[in-house]
Structure formats: C-alpha cells, structure tokens
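Common to both upcoming complexes is chain A, partnered first by chain B, then by chain C.
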Partner chain A sequence: MKLAILGAGAVGRSVADLAGEYGHDVVALADSKSAVADDAGIDVERALERKAGGEPVGSGAPEDVFETDYDALVEATPTTLDDAKPGFSHARRALEADRHVVLANKGPVAERYDELRALESDSAGSVRFEATVGGAIPVLSTIEDETPQAVTAVRGVLNGTANFILTRMAAEGLDYEHVLAEAQDLGVAEADPTFDVDGTDAALKFVILSNVLADGGFSLSDAAVDGIQNVPGSALDLAAEDGRTIRLIGEATREGVRVGPRLVPENGALAVSGTRNIVQIETRHAGSLHSSGRGAGGPETATAVLSDVGRLE
Partner chain B sequence: MTMVDDAEEPVESIEDAADESADEPETDGGVRAYTVRLELVDEPGELLRALAPIADNGGNLLSIHHERGNITPRGHIPVEVDLECPPDRFDGIVDALRDAGVNVIQAGAEHYGEEVSVVLVGQLVETDLSDTLSRIEDEVDAVVIDLSLAAPEGTEGVASARIRLAIDSGRADAALGAIRSIGSDKELTVVEPLLGGETA
Partner chain C sequence: MKLAILGAGAVGRSVADLAGEYGHDVVALADSKSAVADDAGIDVERALERKAGGEPVGSGAPEDVFETDYDALVEATPTTLDDAKPGFSHARRALEADRHVVLANKGPVAERYDELRALESDSAGSVRFEATVGGAIPVLSTIEDETPQAVTAVRGVLNGTANFILTRMAAEGLDYEHVLAEAQDLGVAEADPTFDVDGTDAALKFVILSNVLADGGFSLSDAAVDGIQNVPGSALDLAAEDGRTIRLIGEATREGVRVGPRLVPENGALAVSGTRNIVQIETRHAGSLHSSGRGAGGPETATAVLSDVGRLE
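Let's look at the complex of A and B:
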C-alpha cells in the first residue's frame, strides 16, 4: 500500500521508519509546516534526518500530501478535543477522495465518531483506528474478532503515566508531587501532564471503546471522569493493608464511560506496574480476555497503525 | 478474588488443575458467613438468651450489632448478628433460635450478603467523619464493619479512611452510587472498588 503520513511526531516518524519492513511504500510525510511527497516513494531516511536536524521535512506544503497517489492516509497529528480539527478534516478529505484512513489521532473517533462513520459509508475507503486505544495492544481487533455485540464491557488501565505514578507512590510511599516530578525527569510524564493525570487521555480511549461497542453515540462530554491528583499516599497505604491497590481504571459499556481511581486487588490482573497498560474485555460467551503491553511510544503505536494498514489490503 | 497464576505452582495432575477454578466461591474449609436479624424484648438477659442457640448448634459468632437506640414499631430492639457456620448447619441454627422464642426477622446470606471497601479522601475530620459514617449507614442502608484512618498531615489536613461495609446482595452498585453522592456533598474523593468482570 502507498501511505501518506500526516504528523511527524514519535508515531508518524515510526510509521514512516517501519513501513518498508511491513511491505508498504511511503509516498508522503508531513509535519505541521512542510511535506515531502513523491508518488514513486519518498526517501524516508533522509526525511527523518532532516526532521531530526530541525529542518523542514521537505520542500512542499503539508497540503501536498493529498495530491499524491496514496492508498491510505495515516493521521498521526496531535489529538485535539471538541471539533477534533485538523485531524477530522484530514480524515474527511481522504474519505471524500475514496481513500482509506488509519488514525493514530484519538480526536476524530472520540469526539465525532458518528460523523466519521457517515463519511465512511459514503466512501469507497474505510476507517481504522487500532492505534488510538492501547498503543501496541490489539484491543479493537480483538473486539472486532469477538464481534462488538458479544462484548459486554471493556475495563482497564490505558494511561501509562498515571499508572506509573500510582505504582511508584504505592511502592515507595512517596507523595503525588514527588513522584510526578520523578516521572517528568524520566520522560514518563510530559511537562504538562494534565490530560494524563486528570483522566482525560484514558477517557478518550474508553469513549472510543464505547463507540465501538454501541456503534457510536459517545463523546468525551458523556464520560464521568476523575483523575489521580487527589489520591494521597495514605489512601494507597490503606488499600495495601487490605490487599488492594489503587489504579486509574476506565470502564466502557454500551451504557456509558467512566474513568477514575479504583480499588483493585493488589495481585489482580488489572494492577499492572509502571507504564504498562492492560485491558479486560468481558465477553458474553467466552468470559474475560486480558491483553497487556505497551500502551504508548512511537514504534509500539506504529505497529498498531501498520497492522491496520495490513487489514485494509 | 485474585487471579490464579498457574505458572507459579507445579501442577500435579490434570484433574487437580481442572478443579482449581478461580470462579469457585471461597469456602474457607466449608464455613460461610451469615447475618441474622433479630428483634429482642428490652429485658435483662434477652441478648444472652438469643445468642445461646447459635453457639449450641455449631455457629461461631463474628459480631453483634445491637441497636439500642432504635426501637422497632412493636417496641423491640433490633439486633444484627454475624456468624459463621458450615452451610448445612445454618437452617438448624435458625430453627433453634425460633424454638427458643427469639423473633428472627431475617436470616441467611441474602441479607447483607456482600462486603465492599471504599477509600474516602479529603478533609475527613473537618467534614465530620462520624456524620459521614452515619449518613452512609442511613442513606446506603449499609453497616460499617470496619474503619481504618490514616492522617499523616494531622487532623487538619488531607486524610484517608478505608471503610468496609456490609450491604445487601445485588445492591453494591446502588450503594456505591449513594456513597458517591455523599462524597460529592462533602467534597471528598471516593475511591470505589471495581466491581464486575473477574477482578472485583
């Protein structure tokens, strides 16, 4: 497949880097300011070198991406809330041109799922978004295999930063501010960790899951969201006395979306450590399935994008 | 219940492994906990008289919740007794209580059949912890079995409390919803258990 990649952050760059290994050609790569495009395939290595050196990725404008002979648009620009622009506009433009769209950007499927599906049904192209939920963990494809109707709920940990902070607080008896600073030093938490610790990032992923289970109808404003900022070390200590711990847990069902700090058994499946993510898919006929792994990171998320591309063929 | 990690333990035979289902209720060697709700006449010795048939018939008393302040419409005192016994002996205990003339209002695992723990975080002392607990007992229709408090910043600061509650079977979701609303009234963070799935 010929891929046009919008967004040259960690995920976009990794998709470009790994595409060849998965048997695909990259015909365009753009960041917010410039693009490199060539129907015969761009020189990925050179483009990534330019990006790493702080130069423009190419001499073209980002818009040029849409003029190439691409089969699938990889939308890996930063997630935005509400109108989910420009990610949503990019996806619309590709679908209107009867091309496929593979999203790493959560915005369009969390905030405007129904509109996106409507555009898809009028298009010869289709939309896939495995990378938006749980990074490398195959969550949506598992639900697709089980069929969404046979899945009653999805629960789990889908934010590595919050999980890292809670794990360290419990293990070291340190308070929230201290562990957050440590996480920032380690690069586990961003300079502005708001969306990770207030539950927004996890909520977007569980909203996407509810949309998949219920075939639409949800956006972030429908989710009940609490973060971990108000969880002190003493709460983790009390939980531990009872053989439990606290994790930022999300729940997606057809009825709604909820994210908040919850008590879980200390040695239970959902009490993963560090930045690890886990989902528990509750099925009608097959009990619960658990998948755990890396929920973020450039190459990890890129594998989910490229798996989606593979399913389009 | 926690998940069974098969890899940790050597499996002796396939039959044994198949028997070890994580879904089996835990029986602790065949003993189960029950709650019996009684009504006693307010006379000296009544409580002792009511408890004797339990021990005499193989029950082990766990706790007694004696609501002296509450009087039933008939002028009796409600008493809740938690006990444990082998399941096949429970009916015998209830029969023995009734034979002894004790008024058994409710008996069995159906009533107060579930335990849940929640952790409350915030200005617990300033927001009157004992009022918070009574509201939970009244509005949630639960019994506070156990309370642990951690206030590392002193009573003026942010404190945490773990509360273990006994609630009616099947009412956990409603009870947690009610605790959530008490929490938001008092600006407390409520850390609820995760129910459902195989992790509760």
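Let's look at the complex of A and C:
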C-alpha cells in the first residue's frame, strides 16, 4: 500500500522507517510545517536525516500529502481533545476522498467516534486505530477477532509513565516529586507530564475501548478520572505490608469508563513493572485474556500502525 | 459463512453452538460415525441434544458434509500424528473443492505443513489454524499481524494439564502420581494423559509455531521434547528455596523447537497457574508481547475457530 504519513514525531518517523520492511511505500511524509511527497515513493532515509538534523522534512506544504496517490493516510499528529482538530479534519478529508485512515492519534476516536464512523460508512475507505491503545499490544485486533459483543470489559494499565512512577515509588520508597523528576531525566515522562500523571492519557484509551465495545457514545468527558499526583509514598508502604501495591488502573465497559489508582496484588497480573502496559480482556466464552507489552515508543507504536495497514488489504 | 463441522467432541459441539452468535450458519455436523447436513442450516440444538443423549448426531454418513454448500470446513477431529489422517485428507478434500479450512486439529499443520500450504496455493480456499495453538489466546493472529518475519521467537506454556500438575505439586508438596490422579478426577487430565505429560501436545503446538515463523520445514520428529513425568517433588522444593518454580516450557524459533521442564522465577510471567497458558512473542521492533488465557476447553477453542472464520471473510 501507498502510505501518506502526517506527523513526523517518534511514531510518524518509525512508520516511515519500517514501512518498506512490511512491503509498503511511503508517498508522503509531513511534519507540522512542511512535507515531502512523491507518488513513486519518497527517499525515506534522506527525509529522516533532514528531520534528525533539525531541518524541515521537505520543501512542500503539509497539505501536499493529500494530493498524492496514497491508499492509506497514517494520522500521527499530536492528540488533541474536544474537537480533535486537526486530526479529525485530516481523517475526514481522507475518508471523503475514499481513502483509508490509520490513526495513531487518539483524539478522533476518543472525542468524535460516532462522527468518524459515520464518515467511514459513507466512504470506500476504512478507519483503523490499533496504535491508539496500548502501543505494540494487539488490543483492538483481539477484540475485533473475538467480536466486540463477546467482550464484556477491558481492564488494565495503559499509561507507562504513571506505571513507571508508581513502580519506582514502591521499589525505592521515594516520593512522587522525586520519581517524576527521575522519569523526566530518563525521557519516560515529558517536560509537561500532565496528561500522563493526571490520568487523561489512560482515560482517552479506555474511552476508545468503551466506544469499540458499545459502538460509540463515549468521549473523555464521560470518564471518571483520578491521576497519581496525590498518591503518597506511605500508601505504597501500607499496601506492601498487605502484599499489594498501587497501579493506575482503567476499566472500560459498555456502561462507562473509570481510571484511578487502585490496590492490586503485588505479584498479580496487573502489577506490571516499569513502563510496561497490560490489558485484561474479559470475554463471554473464553474467560479472561491478558496481553502485555510495550505500550509506547516509536517503533512499538509503528508496528501497531503497520499491523492495521496489513489488515486493510 | 456456511460452516461444515467435522468432529463433535467438545470443540466441534461448541463451534456448532456458538456459530449463530457470530453470524454463521452450520450446514453440517459430523461425529465419527454419522452426520446431519442441510444447506439451509441444521437444527443445531437438536443435534447437540442427540449427542448429549449418547445418540449419533445424524442419520447420514460423515462424508455427507462434503456434499453440502459449505464455505468453510471446520476440522475438529482428534489430532493424529505422522500422516495426520484423516484430518489431512479432510483438509485436502475441502481445498481441492476450493473451500476454506479452519483447523482445530493440530496434525496437518504440525506434521504436513508444507504439503498443506501447497494445496492452499492451488486452491481458492485459505487455511487458518488459530485454534491449534493456545486455545482462546490469539497467538497466530498476533504473529500474522506483526508479520512472521518480525517475530524472532515464541516461548511459553502451552499445555494446561502439565501446568496444572506442576502448579499443584509446587503448591501442595505432593508427588507427581498423586497430582496426576487428582487431575484425572477433575477432568483436567485424560484417562490416557500421555501426550499431555510427555510433552507431545506442547511440542505439536511449538512445531506449528516454528512452521509459521519459518514458513514450513518442521514436524514433530524435529522437536527436542522432555515431559514432566520425571520431575520429583524435591526439585520443586529446591526451586522454591531460590524463588523459582518449574514449568513445562516450550520454545519455537526458525532454527528449531524444544520443550521441557525449566526453572522459572516464581512470580514471573511464565509461572502461570493451573491450566492457564501463556506465550511470549519476541519481536524485532516491539519488544516482548505476552499473551495469556485459557489454553483449552470447548467454548474457548471454539472462539479461536470463529475468530478464524471471521478473518476469512
């Protein structure tokens, strides 16, 4: 397939880098200010070198990507809330041109799911968004294969930054501020870590899951969300005495979405370590399926995007 | 899709039972001696009642299933080794008639993988076999989505009977013979448990995985296999003193297949409990994906069959 990639952050760059290995061509790559486009396939290596050198990815305008002969638009621009623009607009433009959209951007599927599905019904193109939930872990494709009706709930840890912070607080007996600073030094937490530590990032993912289970109806404002900023080190010590620890756990059902710090058994499945993510998919006929893996990262998320492209064919 | 189901054991019966919920019709169901067939769809409930009452499933002959207008043959007859007949012959007949084959029977894909793929290339039908590895756990579809070339190894616990026995031996300090008897009473181990306890069942699954990774070339005779019959209780006690336990672990790579009892960290991912299975899929770009769930059971395995049917469309 010919891919037009919008967004040249870690995910967009990794998709461009790995596309060839998965048998696809990159006909366009755009960052926030520029684009390089070529229906015969762009020179990915050169484009990535320019980006690595701090230069624009190309000499065209970002909108140029829509002029190419792409089969699937990869939307990997930063997640935005509420109207989810420009991500939603990009998806709409592709669907109105009867092209496929593969999202790594959570905004459109968390905040405007119903509208997106309506655009999809009127389009020859399909929308896929594995990369929006759980990075490399095949969460949505598993639910799709089980059929959403056969899944009753999805529970788990879907934010690696918060999980890393809680893991380190428990392991070292350090307080939140200290571990947050460590996480930022390591690049595990961003300079502005708000969405990771206040539960918003996790909540967006569980909202997407509830939308899949219920075929729409949810947005971020429907989620009951608590973050980890107020978890004191003493709570973790107390939990440990009881063979438990604390993790930022989310739950998505057809009825609603909740995210918050919860006590979990120390050696249980939900007590994943570090930046790892885990989902427990509860099914009607097959019990509980657990999937864990790397929930974030350029290459990791790119594999989810490329899995989706594979499923389009 | 119209399904012709060969085999009325736990898996075949569950596929028949759940097919309607997944939107498919059952046009035939055969046990070892009889069959019921109807292009308009059989009365599944009546057929299952007859079976539950110890009667033949129908008044026709098993071969009748091939006369129906089926889209996909579900091969759920007992796994046989070496020439993998009659399972292999059933699959061939369907492919030669340009129909799809969904296998729950491990024989054809473990013992005659290359021949099966050759028949598939010459057919308008496809072969899928998620149900042959790990029951409800989506192992093969995950590898397929990642693309096999991006997967370097698959490791894990894929036999619930052996895992149950080792879990109980470790938990209760009982010896093998005692726990095996308990497992048989519970129906977790069969009257003849040989293939579960000698590692053959697990080995067949890892051989299938190596065939997927390497696109063929392996059969059961290529696997290095040790079972659990000689694991003494004392080995488990010793392991526990070191924070470890013993599980029957298999590994599949492009180079080969090995199955045997291994020491694993007591609280680690591979130390699943009871009859649960787990696979760790090692990937080039996305680190290690872990998936665990129920590895066996009628409904559990049926969901894997029906996932495959969904992927055919």
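Just so it is clear, the second predicted complex is superposed on the first by the 313 of 313 C-alpha atoms of A that agree within 3 Å, B and C clash if a C-alpha of one lies under 4 Å from a C-alpha of the other, contacts with A are read in each partner's own complex, and residues count from 1 in each chain.
Everything below uses one rule, namely that contacts are C-beta pairs under 8 Å (C-beta built on N, C-alpha and C of every residue); 3 or more make two chains touch, one makes a residue touch a chain.
What you are looking at is a predicted structure, and each value in this text was computed from that prediction instead of being measured.
Chemist: Just to be sure I read the superposition right, which of the two partners does A:142 touch: chain B = first, chain C = second, or both, or neither?
Modeler: The answer is second: A:142 touches chain C but not chain B.
Chemist: Which holds for A:300: it touches chain B only (first), chain C only (second), both, or neither?
Modeler: After superposing on A, A:300 lies in contact with chain C but is clear of chain B.
Chemist: So in the superposed three-chain picture, is A:150 touching just chain B, just chain C, both, or none of them (first/second/both/neither)?
Modeler: second
Chemist: Under the stated touch criterion, which partner chain does A:288 make contact with: chain B (first), chain C (second), both, or neither?
Modeler: both
Chemist: According to the stated criteria, A:270 is in contact with first (chain B), second (chain C), both, or neither; which is it?
Modeler: The first partner, chain B, only.
Chemist: A:237 contacts which: chain B (first), chain C (second), both, neither?
Modeler: Once the two structures are laid over each other on A, A:237 reaches chain B alone.
Chemist: Could you give the residue numbers on chain A that contact chain B in one complex and chain C in the other?
Modeler: Correct list for chain A: 267, 269, 287-288.
Chemist: Of all residues in chain C, which touch chain A in the complex?
Modeler: 14, 18, 21-22, 135-138, 141-142, 145-147, 149-150, 267, 269, 283, 285-294, 299-300, 302-304, 306-307, 310-311
Chemist: Quick check: in the complex, which residue numbers of chain B touch chain A?
Modeler: 1-3, 117-119, 121-122, 148, 150-152, 158-162, 164, 189, 191-194, 196-199
Chemist: Flag every residue of chain A that touches chain B in the complex, lowest number first.
Modeler: 153, 155, 226, 230-235, 237-239, 241-242, 244, 246, 249, 251, 260-270, 280, 282, 287-288
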